[in-house]
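Across the two complexes that follow, subunit A remains constant while its partner is subunit B and subsequently subunit C.
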Partner chain A sequence: MIKSKVSRLSIVFLSILFLSGCWDIKDINNRSLPLVLGISKENGQEYKLTLQIPIPKSDNQISRTVTEKGKTVTNALGHIQTNSENAIDYSQVQLIVIQKNLAKNQQEFRDLIKFLMGSEDIPSRALVAITDDNVENVLSNINNKLGVNASAIYDYFNKGTAWAPELFSTPIWEVYRSQFLSTKDIAVPAVRAGKDTVLVFEGSTILRQGQFIETIGPKDSQMINVFNNKDVKGYTENLGFASIMVTNSSIQSKIKMNNNKPYVTSDLRLKIHILERKQGITNKKIYEKIERLTERRFYNLLKKTQHSQSDIFGFGQQFQHVISYHDLKDWRYKYYPDLKVDFKVHANLE
Partner chain B sequence: MRNSVKEIKTKFSTQGDFFIEEESYDKMSCYLIGFKTLIDLPKTKLYIQQMGESCTSKSALLGKLSEETNVNTEQLIKGILEGKLVIVTKDGKENAIVDPIVQNLNSSIGEPKNESPVHSSTDAFVEDINTNVGMLRKRLNTDRLCHCTYQVGELDKRRLSMLYINGKAPNDLVNKIHHQLNQIDSDIETIDDLNKRFEKRRLSPVSHFSATELPIQAIHSLKKNRIVLFMDNYPFALVFPNLILDMFSTENDRNFPFILTFMLRFFRVIGAVATVIFPALYVALVSVNPGIFRTDLALFVAKSREGIPLSAFLETIAMVVLVDLILEAIVRLPKSVGPAITMVGGIILGQAVVEANLVSNLLVIVITAVVIASSAVIGMQNSLYIRLLKYPILVLASLFGILGVFIGFIFTIIYLASLTSDDIPYLTLRFEHKGDTK
Partner chain C sequence: MTHRIQVGMLFIIMHLSFSYLIYPDLIYRLTKTSHWEVILCQGLMQLILLWIYYKGLNYFPDKNVIEIYLKIGKWAAIIFLTPYVINLIAIVGFNLRLHAEVINDVFLPRTPYWSILILLFFISVYTAIKGLDTILRSSVIIFFIVIPLIFFNIFSSFTNFDLHSVSPVWDSPLKFLFNIKYFYLMGFSSFLILGFISSGANSNFCQIFAVFVSVVLFSLSAVYIPLFIFGQETVTTLAYPFLEAINSVDISWFIFNRQTMVFGISLVGLVILANAVLLWMSGHIMQKTYKWKTMEAAYWIILLSVIAFVVALVVPHQSLVEKFFLWSTGAQTYFMIIIPSFIFLYGSLSKGGLVGYDKK
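Let's look at the complex of A and B:
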């Protein structure tokens, strides 16, 4: 028995000091902080991992790419860890670029997302993007551009809604969650290496429970934003005889069941600002045109997604209190193809 | 009775400033006894002479000069030590202890040296205990202001005064302190000696008293149900109990509009928290949990630390100690050398250390902010103990990162909450124990 208070305290203190393993702590300048993680598969065999790591030494921040291959992702990560000069700290990974051919294999893609989600090193807030291009090209593209910072890819996705309303981002946890949802599918941004800019936004890829469905263009992606009630402020549209900018949007939907078939009425209110117009064009004509254009775009997209049975708008979410939980599991296949949407757009001047 | 003079003479034979002078007035001849250093002799003689002119007899004169006449030798000796003039008639039959005209040994009321109040009266307490109590009485015209005096100590009888407002300060607290002060049997030289007389706080950085130089602050504390102690020859009022809010608020703030008062106090709280947490946060973020940073910030920090050989903990502790050393050195140095050291320490050293790539720019900014922040709180003793509190948190941060910072901070608060002075917790926000009028 240790009696004196001082010796007890000193034992506590010394064990804090010697059992904490604080000598393994690496200062921030001794860690490599990869910002982008690229994952691809070569010849359907080996995983190829590419990291974009900024080099903080110079004033003009440049970065380098590190590539390793491995039979599994863990394997490849291990190779990188072994061969790198510094400790690699994945806590700053902002974007995970996945090559399309990998995403097309549903089982592999699901496993990959599960691994990324479960990994303690990689933050689950990292964004996911899919590319047609060679992943290495996308990542090394930063170095070829003049005056671009190492954090360019991160900045690309964090411009703020008003600055790039068409662009949207999807974190890993949302992708992971979507695998278990039966009433909502998810879109992941699709990018490729640009000629003048680092990245080019190509639209989005629709994933149904981790399965690659199809790619839609940027304008269609915009519709998804609208239905998810995201701010589409700053979105511009060219109507031929005029061009407008959306300053505010709000959507209201009502649902009902008709003969066991879902029915939705949606009213989209757009506040617009007319940027330019040809002579003699009235406001009314502009309203009509933008309304017709948006409606047509929506119906096209709806038809497409109903055909592929992926509820990208999340209409199923709204039927949760109408259809029983058990039936909702089959929402995509049983109800969604029969969904009727009465979509009306009301444009108005700010 | 003549032998009493002899006795006094032998007792003080080793004292160079002791005097026995034979003096004869028309009605009597007598010995004047006392200390030259404490009594202004020529003026006192003149005073006695003038008094003697209007008196008819010896005893009438002595009676007029003093109320303490014909006392025994012991009391005479005590009187001499207290700086009084003792008059013994030549025949030794009569004596008196007279209040003489004293040598002025006290500094006059001046401006506060340790606190610099803005927008306020600028007189400060002085060494003389009577002046100090007088300063309070002058500002607080009430019969409810009670004043108890004590003389404590073994070798040196030091005078202590306790002041409180009857009906405001809690009675049991007043009684307790009265008891505690009466029990003192050793010399009281410093506040720490006094501190030990209250609850035991051997290793605590927090005193039982908050010292203030400003009469306004002392009066405010009295009105807020607290007790004020004075020590003779110590130009501070000691407010009991010391509460945490003394660090953040002073009565002077209220000379500004409310919103400005609030702002000032808010900044002091920020200052205190920043002092305790900032160095630890730096270490935690830079070495243990860089994942918390935003990407561009992380890259910036990584860049600022590029090529620095010391680990974040070592560089921080080195800088923090260095800065605390500089602060202490500036206090110790004569006023004429102080600015030179400030320049060498602050500017040249700071610049050199960064240019030599020994510590990062960011850390220098953090340290500077901390030094400034730690001075925002009221009272030097509070600023000092806050500076001390940052070290344990710094160590914890280097081991456990952000978690360590918060554990350290929480434990610091738990520790402060555990402190009590006479059962009054240090973290009491409002001291509202009203006593009843006796």
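Let's look at the complex of A and C:
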């Protein structure tokens, strides 16, 4: 009896020792939680890291930016840790803004993404954006705007469906994945610091296996969203004589091989809502116009991307069953430039 | 009946604890296209072994593996079971170290791994000492905590699925069968436990089969979730593909925003119970085989677990841990082949001899 009492007591004491769960733990008020991480390169040599850290203590939710330089990203992160007043906890980083001059060097960019993916501190769900601007400007821009919340940059990308259909977001893991995929390339949103708003959406940057290819406008990015079956509800289009809003879209594709050349038939069904129209314009004319406009936009983009050999629509993914695994590795260079797409749009009133 | 259900739950838990960390990685390295072939092939071969084991045990009703070996002679038990105990200890040590490192990664980045190791060991050993009934009862609790979490992880990962990442083609030449990694892969099972629980062997083979099918389904999900999210080329570059797959899920409106936490917690539950069972088995074997008066099963368990702890502690780095773990599962494959076939042969021979004797 005594023995069991002693053992029970000792278990209780042991659990006090072990279950406290505090090992070098820092309370949340002793931590700085950066929301946005900006990465750029100075003079093509040193990495420059900028953090946007909200200061939760004050009522009007201001934030500050911290900048450090270093030979590598880890190096710069280490400098920030050393010089900051609090422990910096990267687990809440929501957005990573990368300056374009860094993205232009393929190997460096790949290494950077690999580092961000492998880092235990930075979550792989954080979104990536590319900017032409000075990263510091983009991040500190938030402080000059009146009544803007400290989490504004994150909120910008998370407005929810149908609020800003042109905008899209790309997490780190998708960028990382695209470096290894041979049948699909990726678009990363391109932003710059705005004059009146914190950020301005400029379209998207196409990356082919971590290599910067080109920047396309918001309307073209919209085509990519359509092909990736993302919700484009709420998208508005001005046709000159009328304005419409897309309320629903669905795309269906069929694939086949013709003489060892890939062939795709895609049907896009758009449900539209007519917002305004000039007098005497019939529904039919509006349908025709929107159909022609969308098709032309698609073919232009297809031609452009076929020229740069970057399969931004992910057509190659659909050929997984038709072309063997080893042949697909050359999809971009061997098959994609010869790809024929028969793209038809069918617009209809809701 | 309830006992059988508990055994079934324990069986599932033990297999799950093996199937999340190294298992997907092995499969990705074995084949590039049709992963399901490997999994089903492995399942089928394990099932055949399991059937032989079951048949063999049925020759000796109400006897467990140790008693069968002792029936042949003490020398047989020592020769066959002592290496198996060593193997079990190695598995316990490396498995716990592996999980400690992952838990470190997931939610305790600043804690040294040995402190997590102590915690895991302490609970496993305590459960093992308490005996089989405690293990079975706790398996029910762990089952009902972990299985919903795992289902939650599976369903939440659907949001990131890209169905085109996987090609379901039939890749006819079974090249992987001759790869040494396939041999390691076979060891990712612990059906031998059934022979050490007397009621485990008594259950109907249909029930065992049903449980086994669910285990194979879980293995399929563990392999295919990362594959659907990342695709084959990316998955081979990741250290823990399943962990990264869960990490990529972002459900910002949901209260459990970090799915990795959920996964980490379920891993803790699984690994503690699985290792408690392995420790209990090895303690049990040693006590029955050697029959030293002063050594009760509990002392054996403590002694063996201390050895396992030291083994786990001294391995210098993670890649070595993985290598050693694979070696120990390879050794387990060996025992998974030897023990069932030996029992089957012995059973059929002795029974056949007995019948022949009666006829005369």
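Following the convention adopted for this analysis, the second predicted complex is superposed on the first by the 331 of 350 C-alpha atoms of A that agree within 3 Å, B and C clash if a C-alpha of one lies under 4 Å from a C-alpha of the other, contacts with A are read in each partner's own complex, and residues count from 1 in each chain.
Everything below uses one rule, namely that contacts are C-beta pairs under 8 Å (C-beta built on N, C-alpha and C of every residue); 3 or more make two chains touch, one makes a residue touch a chain.
Only a predicted model underlies this, so the values are computations on that prediction, with no experimental measurement involved.
After superposition onto subunit A, the partners subunit B and subunit C occupy separate space and fit alongside each other.
Once the two complexes are overlaid on the shared chain, A:Q92 sits against subunit B while remaining clear of subunit C.
In the superposed pair of complexes, A:T236 makes contact with neither subunit B nor subunit C. Of the two partner chains, both subunit B and subunit C are touched by A:P123. When both complexes are overlaid on chain A, the residue A:A150 reaches subunit B alone and has no touch with subunit C. Seen from the CA centre of subunit A, subunit B and subunit C lie at an angle of 50° in the overlaid model, rounded to the nearest 10. In the superposition on chain A, A:L35 makes contact with subunit B only, while subunit C stays out of contact range.
Once the two complexes are laid over each other on the shared chain, residue contacts for A:D27 go to subunit B alone; subunit C is not touched. Contact with subunit B, but none with subunit C, is seen for A:P56 once the two complexes are overlaid on the shared chain.
The overlay of the two complexes leaves subunit B and subunit C separated by a minimum Cα distance of 5 Å. The intersection of subunit A residues touching subunit B with those touching subunit C, taken from the two complexes, comprises 25, 123. Those residues of subunit C that touch subunit A in the shared complex are 32-33, 105, 108-112, 115, 118-119, 122, 126, 162, 164-169, 229-231, 233-234, 237, 239, 244, 247-250, 252. The touching residues of subunit A, counted against subunit B in their complex, run 16-17, 20, 22, 25-29, 31, 33, 35, 54, 56-57, 61, 89, 91-92, 94, 123, 149-151, 154. Those residues of subunit B lying in contact with subunit A across their complex are 285-288, 290-291, 293, 295-296, 298-299, 301-303, 305-308, 311-312, 398-400. Interface residues of subunit A, counted against subunit C in their complex, comprise 11, 14, 18, 23-25, 117-118, 120-121, 123-125, 158, 171, 173, 176-177, 179-183, 314, 317-318, 320-321, 325.
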